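Each of the two complexes below includes chain A, the first together with chain B, the second together with chain C.
Up next is the complex of A and B:
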């Protein structure tokens, strides 16, 4: 798959079919990858795919001009479709190099299971549903469900539906219970004021670095409401009240575009369980409007479309 | 304690200029009685209402927010209220998920001829707000905006 990707990327650049390639290259730390954005065909030899291509690269699409080829897992392809629906990018200007993805390995889960730091792990290999970790000369095996990212467990689209070139065999969803859904269920069982206190405490830790917003492919406003000064909706200093409003409104603003890809939660330096919010909104949108972000390229964006009769029971 | 006994909810009304605001006007000119707890902001269309306005109002210490626009099909701009409906519906559900009582965000369709309905809606909403009590959601240390607003009353 990797060889095919490199050949394909090289020929796309050589033939002038695209101006840019967006993909992954090995990161400076072991078992990590970092985005590779290049115009140089020789760089394509560094492209990688595999179990560690964590990031959702669709965010870079709106920053580049010209024609772009982009490596996309199932979830990334949904974000790309969402950007197309919102007219942020033209379908004709992008070449989607689809990667069927059986799930991405969460390194911190592996570290926890073997009780070792990533530097001390010799090898991590995946064979279908089993991940084997070689550490200190010992081989240990874990079911994939134990080491994959939480959002991968509930993945609905492992193989991109919208692509130009598919770089492998289609895979099927894993369909295991996710921690974010468990947290959500636990929150739903609480009385409302207890729920509020939970979020109050979580957002008390927020440092308002805006990493969640900057990494989010659905957050593409040139000017964010938190930075407006006339009127100044929120103060920039990290008080829990302002932090909570920022995140709640961010979630409402990206409703129908958020694919629950999990980038915000991964980017969060203080580990706020943001996916319990994104997941809630995702479920609400599905329940009220039978809409799933980034699944249907022909669908109109959720918040610009309407049905004549819907959601009336909430209104007097 | 004495303050609690005197407590009256403060309700923010975000009313569309074409229907609900005119409806509120009609309630006034036809001498319909409704609680004076509502403070009204006129918006060009219910579709103008960003959910941010709602949370900001709660942050400032309002006990509830009433969003009101034209009946479906009657929007001056054809589709503004349909879009507002989607936004309000998911805002309401989402905020409830975070722990905000769903009765704090209310929505209604009131046309320019429905002065009576406007008075009824406000009375009902204020009654519900009295049941749930004061909004203490954002009260806490370092929340100068809300405490300031509450001090002003």
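Up next is the complex of A and C:
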């Protein structure tokens, strides 16, 4: 798949079919990849795919001008579709290099299981449903379900539906939706005051780095409400109350756009389980409107499309 | 290492309890859900088992993410200001890593000398830093490339070296020596000192990430105006605030009033040059474009600050590398800054 990707990417640039390639190259740390954004055909030899291509690259699309070929896992392709629906990018300017994805390995989970940091682990290899981890000369095996990202466990679209070139055989979902929503289920079981204390503590750690917002392809506003000073909606000071309000409003703003890609939670440097909030909103949207973002390119965007025959009087 | 003493790890809790009578004592802890320096609870020294470094840099003990500068209210005489207490209890930061202790000396240049800052100084002036040399540096650490090292003593008052079941203890300032002298520790033997030296050398060998920072200020100056170069470097940056807010040497802050013109508080909180609003002004924004912000961050640490204070404002702690969501690696970027041509020469 990797060789095919490199050949395709090179020929797209050589033949002038695209101006840019967005993909992944090996990162500077163990088990890490990093976004590769390039116009240079020789750089395409560094493109990689595999179990560590964590980033959702789609939000780089709106920063580039010209035609762009982008490597997209199933979840990324949903974000791209959502951006197309919102008129942030044009379908004809994008070449989607689809990557069927059996799930991405969550290094934090591996670290927890072997009680070692990632730079102390010698090797992590996946063979279908089993992930073997070599640490201190010892080989340990874990079912993939234990080490993949939570959102991957409940993935609804491992193989992109919207693509120009599919770089491999379609793969089926991991199919562990219960495990995928364990944290959320635990929170829902809590009495409200306990849940309130939980979020108070979690948001007490927030430093307002806005990584959750900046990695999010659905957060594409040129100017975020938190940066408005007249009126000032929210103080920039990282008090837990303001942090919680920021996240609550962000969540409402991405309702109907969030594809449950999990980037917000992954990027958070202080381990706030943000996906519990976005996933709950995702389920509410699915429940209320039978809408799942990025699944159907022909669908109108949920909260920005208007029909004369609207059911609600409110906005008629 | 003449005059070194030592303490058994199993006796550490007792020593810390003793010190916490005199100091507001901070130790590495994970009780909040992530590794940071928190007030010692009187017993938990489990960090000896897991601690490599904290996520939140210890600068937060002196320059917190947010703080009140003063409160105000208006009466017939006009606005009345009330300062919070500035002279706090003496702080002792235990097991600070050499990179982070050195980082505080970099902040001192800004807050102690150039613009004496009563808030920072109030906490910092009488503080004691007890350093713990690294035995297991991360693969992202590069302290040895920026003039430091895993057992460097710049900024610390006492330096500890892990030799297994014991910590070899050495005072590196007068305050540190006095504190040790009054703590009833036993003398380290020659063999202990030898083991400490071996441990330090072994740690130094483990810092394998290297970057050549010679002539870096001149190299950055030479490439400063090359827009294409910086655009390429900045392409994958997300403009989030992780690398700056969690950097032990970044010190920029923002000031906000809360309340009404009649009654309220003026607060400050850390700011980040990665944010477009950082330089937003009524008419324009000189760093609206991402590449200008990325350039600023790098040049501040490796060009502007060294011009002012003759030292690089980066201690190689590697947090920005470990925590970056897109693996934007400052050492790779520095490595790629073009070498000076013969004609340019170092300035």
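Everything that follows uses one rule, which is that the second predicted complex is superposed on the first by the 297 of 316 C-alpha atoms of A that agree within 3 Å, B and C clash if a C-alpha of one lies under 4 Å from a C-alpha of the other, contacts with A are read in each partner's own complex, and residues count from 1 in each chain.
One rule holds in what follows: a contact is a pair of C-beta atoms (placed from the backbone, for glycine too) under 8 Å apart; a residue touches a chain by one contact, two chains touch by 3 or more.
Just so it is clear, the model here is predicted, and its values are computed rather than measured.
In the overlay built on the shared chain, the residue A:239 is in contact with chain B and with chain C. In the superposition on chain A, A:205 contacts chain C only, with no contact to chain B. Of the two partner chains placed by superposition, only chain C is touched by A:27; chain B is not.
Once the two complexes are overlaid on the shared chain, A:249 sits against chain B while remaining clear of chain C. When both complexes are overlaid on chain A, the residue A:267 reaches chain C alone and has no touch with chain B.
Of the two partner chains, neither chain B nor chain C is touched by A:300. Judged by the document's definition of touching, chain A residues 239 lie at the interface with chain B and also at the interface with chain C. Considering their complex, residues 27-30, 32-37, 55, 60, 63, 117, 119-120, 201-202, 204-205, 207-211, 213-215, 227, 235-239, 263, 266-267, 269-271 of chain A touch chain C. By the touch criterion stated above, chain C contacts chain A in their complex at residues 32-34, 52, 55-56, 65-66, 136, 138-140, 235-236, 238-242, 245-246, 254, 256, 258, 267, 269-272, 275-277, 280, 290, 321-323, 325-329, 331-332.
The residues of chain B lying in touch with chain A in their complex are 50-52, 55-56, 59, 72-73, 79, 82-83, 85-101, 106-109, 121, 124, 137-138, 140, 142-143, 145-146. Against chain B, in their complex, chain A makes its touches with residues 187-188, 192-200, 225, 233, 239-241, 244-245, 248-249, 251-253, 255, 277, 280-281, 284-285, 288-289, 302-312, 314-316.
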